[in-house]
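Listed after this line are the structures, all set down as structure tokens.
Look for chain A in each of the two complexes below; its partner is chain B in the first and chain C in the second.
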Partner chain A sequence: MPKCTINGKEVEVKEGATIIEAFKTMSEDIAHYCWHPGLSIAGVCRLCMVDVEGARGPQIACNTVVKDGMVITNQSEQIKDIVRWGMDFHLINHPLDCPICDQAGECGLQEQYMKFGQYDPEMNQQKVKKRKVVDLGERVVLDSERCILCSRCVRFTDEVSKTNELGIFNRGDRSEVGTFKDKPLNNKYSINTVDICPVGALTSKDFRFRQRVWYLKNDDTVCNGCSTGCNVKAYFNEEGLFRVKPVYNEEVNGHWMCDDGRDIYKYVNKEHRLLKAKNNSGSQWSELTAGKAMQELHNSLFAEIKAAPEKTGVVLTGQYTNEEYQAVFATLKELGVTQAFHWNDTDSDDFDGLLIRGDKNPNTKGLQNAASAFGALKSVADAEAAIASGSLETVMVLAPENIAVYSNYDKTFAALSKAKNFVWFGANKTECFETTNSSNTWMIPIKSFVEKSGTFTNHAGLDQTFNYVTTVVAGALTMSEAMTLFKGETLEFDLRAKPMTSMKNNHFTLNRGEL
Partner chain B sequence: MFKLSPAGEEFVKKELTRYETKRSAIIPCLFKVQEENKGWVSPEAVTYLSGLMDLPEAWVNEVLNFYTMFNKEPVGKLHVQVCCNISCCMNGARELTKHLKDTFNVKEGEVSADGNVTITRVECLGSCGTAPMMQVNDNYYENLTHESAVKTIKELM
Partner chain C sequence: MSKVPQPSELSNWYLPGILKGLGYTFTNMVKNILNPKKMSTLNYPEEKYKYSARFKGNHILTVKKDGSLRCTACMLCATNCPAQCISITASEHEDPTVEKYPINYEIDILRCVFCGFCEEACPVDAIRMGPEWQTPGLAGADFHYDIKKLAYRANLKGGIQSSVDDKERHEAGI
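Right after this comes the complex of A and B.
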């Protein structure tokens, strides 16, 4: 393995590694635009220049392989000057419309300019005007004046999504990135191009102009959109979530995530959520706190179930954490309940070859594992039949969080709600709540995946533990908490949600109030 | 909808096997399309060629847009390209261009009303020793005067 010296520090790298990779392994600063660890090398931005002792002249770090004994630096005055001029060239035709640009705050041009700005540009030519606000389909908008022609997005559609929509047309200072005849960029991974675009040329229709990025906090979690379980970062403020972006994990998702996964955050936000527990034991709905509801359920149902456990069943979806399944199955055991049913509207082995899987539940494997100690899971159709025949009187449902992929959601709700006692645990509200068929219906608000810590087991059996990100609905419970209360025990913790590790006290530390 | 002649399609198929990558065959195939599509390559022709070569439209379009010898707009029966680089300009190429435009009553890059002529200015065509010069379709005409240029074009019409 070759050894080299970078800015005076020695480092050993893999055979064939490039200089920029060596910089990255040392977390040493190096300016660059076109290089991306998930794409091929283009060497077009010319910003990653370094001095290599004994070389003819400055070299680009992204396309120079480290050789044993190389002495490399990017700290010399000459290199800094080259980068400064490189920056100036990138800005010749750039519109500098940062105040109205959605990328501001996370823009490569701004970042490098802070370090290598010329601050006194010497251009006295007119800027070349190019097209702004080019509609590239459902999710992406292009501003080709802002583009620095790094070709990352083009390489992404050529090499990763393999859909080849993007190209660089024309030449010289007329070069413009785009699709043929402005056709829509409607591949299943299109927003990744927005992520890797180092400037504000490609922006996301969903996110643009909704928040300045510096007003958002972010934290890591796992996408609950399908059984792949891509690692993601959720961006939020006190109102809720605004977007998610992929986080690198070689084993699971590499650098990318799919477009459907980008929409998941929407179900987490208040407008889609069940905010309070609801009860209908006659003809009227009443609202109460989740904790109170669980206590009342304990008082009215716990003993009844224990006396005749064979008349009770639980319907589970693969959208909860392993820890929650354990709590549920432990409670069932205590009650003597043996009937558990698996509800999955998206049961399929489909795989698109990159990330997207047909099973739209993040934790079907985890559910199966937890259930294996408990006994076989029957299908949700069995539950519906048992209710219709009257052999099941009490049904508890762990409803899906990602409703959009549950095509039979309303129908299943209607069928299951024919049970005499019907307890629905769920994060979301839907209209079908009004149409319950049960004479004793309970709706319990449950925390969404970003509001709790836990583990999902993905399609390959990989356990991925994630941490609490933020609180959206303060009054919701996790399934584990709900089970504790159902058993008549009290929740033994501070009723305040945990603050983010980086901040001791702030408005994200939501008081959970009276549970 | 544009379609190549059977011979043209045969040509494309052959070009596709000629280089290491299919992508390298785009230039000769675009020339073939231009030749059979009255001297220019339309967006429909790009779609057709991309289907025929089984390559993304964006790739074909990149090549088409990069090179100036492909015409992206319709041209007249005679595509007159007047060299306006240094040698030719020093020998009156700009005046010659103006004279031709006036004579045939056509704006630069547009097709004359009768559909016969398109006049464009181009960079050096490598015939500096015989400046000024022009290329009409595939042929060079050199050592031009206003009169000889007009006469040549009229004869070709």
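Right after this comes the complex of A and C.
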């Protein structure tokens, strides 16, 4: 384990670690663009210059391995001058259109310009004009003028997605990132290039121009797009969620996430959600609050189920937290219900080698674990057959949140709703809700994964706990709350004011002066 | 410390007080009739006071030479606005050199405190505070100014031209 001294402080690093990694472990400031911890070393931006005692001259920190006894500094006047001029060279052809640029507010160029920049440029030549708004593929747009040619995106498609769509074309100040003819950037991980782009050259079509980033708060959660369970950050404001970005977790997803996972915020937003509980015990729908609905269910159904538990079944999907499964199974035990069915339209072991898995439920493993104490889970087809034969009269369904991956959603809904008493717990609404075959239908709005705390167990059995991020539908319940109310108990709320933890990042009313 | 003058003994009586007051009124009436230019009031709304050119009144969105909006929807004005009365919806422009423009720009003028921070924050001279200050309206909706009102209201005569134009900037290589 080599030891070195960085800016006067001694640090021990792993064998083979580079100087920039040593800087990062110490949280020391060092300017850099092209270096990214998840990619290979390119050494093209020439900003991470450091002085190493005894070396010929300044060295780049990203491509110099730490040796025992090295004395390194980036605080000398000479290094500061080099970084200042390096920045100036990067800005020669950069249009500086920050107000229009979507990256403004989270831009590496802006941040490092404020820290290391030479505020008075000495270039009086015309800027080289390049292509604006280049459509690279389904999800990414390129602005070549803003690109500083750090080659992160090119290395990403070479090394991580291994699809090799991007390249740097032409020479000198006419160099440009681009795709090959008829080979657009359409891989399943393309938006990662937007995340790692240190400037606003690559932007995501989905998020482009929808919000300025300083209007958004963010908080960490776990993606519920598939059984990998990538660690993500959800960006939101009062209007709802706007985008999702990956958070580094070496055990699960590294630095990356897939493009499908970026869409998970869409079905969380209000327009796709069940906002109030609905009841249809005749021919008309009536709306009521979720809590009231659960109380009425307790009054009308609880005793009935307890009297004849063999006529009741529960259909479960792998999209709820372990805590909720425990609450559900505890309630079932109390009622004496023994029939539980597993509904999974995406039951496959597919794996693309990087992150995407065929099982599109975040917590299938957690459901199986929770059910192992309860008894074997039958398939949803069995439930449909039992309803058709009349042996199952009351059905409770824990519907999936991510309905896009459930291909037989409508069909299953129609089949299950033939039960006499049909209770549907779900976060989303779809058109198929309009026609129910049951004489007593209840729909209870459930919180989505960003609105509750809990644990998902991923494909490898890793328990990942996540916390509440934001409230989208205020009237929704978690399954645990719903079960408490169903048992006839009351919910306890902590009404004391909480410290403002979710306000920590980028909320413009708090940080107005620091933008 | 200022001293409030005490009324004299005479003013306790009805006639001396009323005569003094009427005397003041008549002196001023005669003065105003003889020299109406020096009158310190004016007959609003037939006559209007003229403020200086720097007066911060109702907002104007400036336009480019071709008549389209100068605004790039960067939201710096909305971010800077202490009254949070500006709401903007940005969209993709078909011309790649323009790239971004507002499809909706709304100022809630009843919330506005006329501080002029929006004008100061604007990087492209797209919003200015104009000289108008009379803003009557019959309904609440009359006080939500949209693009049509902010940029193309009748008294702007087709719009005020911005001092910064995209085309010129591009030709100059900025």
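Simple rule for what comes next: the second predicted complex is superposed on the first by the 493 of 515 C-alpha atoms of A that agree within 3 Å, B and C clash if a C-alpha of one lies under 4 Å from a C-alpha of the other, contacts with A are read in each partner's own complex, and residues count from 1 in each chain.
One rule holds in what follows: contacts are C-beta pairs under 8 Å (C-beta built on N, C-alpha and C of every residue); 3 or more make two chains touch, one makes a residue touch a chain.
Keep in mind the model is a prediction, meaning the values are calculated, not measured.
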Should the pairing of chain B and chain C on chain A count as a clash or a fit in the superposition? fit
Can you pull out the angle centred on chain A between the C-alpha centres of chain B and chain C, to the nearest 10°? 90
Could you tell me if A:I168 is touching chain B, chain C, both of them or neither one (first, second, both, neither)? first
So, A:S283: does it touch chain B (first), chain C (second), both, or neither? neither
Using the superposition on chain A described above, determine whether A:P99 touches chain B (first), chain C (second), both, or neither. second
For A:K181 in the superposed arrangement: first (chain B), second (chain C), both or neither? first
Is chain A touched at more residues by chain B or by chain C? C
Look at A:F209 in the shared chain and tell me whether it touches chain B only, chain C only, both, or neither; answer first, second, both or neither. second
Please give the least Cα distance, whole angstrom, that chain B and chain C reach in the superposed model. 25
From the superposed pair, tell me which chain A residues show up as contacts to chain B and also as contacts to chain C. none
Chain C partner contacts - residues on chain A that touch it in the complex: 99-100, 104, 126-127, 129, 131-133, 143, 208-210, 212, 214-215, 508, 512, 515
Of chain C, residues touching chain A in the complex: 72-76, 79-80, 90-92, 96-97, 99-100, 123-124, 170, 173-174
Looking at the complex, which residues from chain A come into contact with chain B? 164-171, 179-181, 183
Going by the contact rule set out above, which residues of chain B touch chain A in the complex? 43, 46-47, 56-62, 65-66
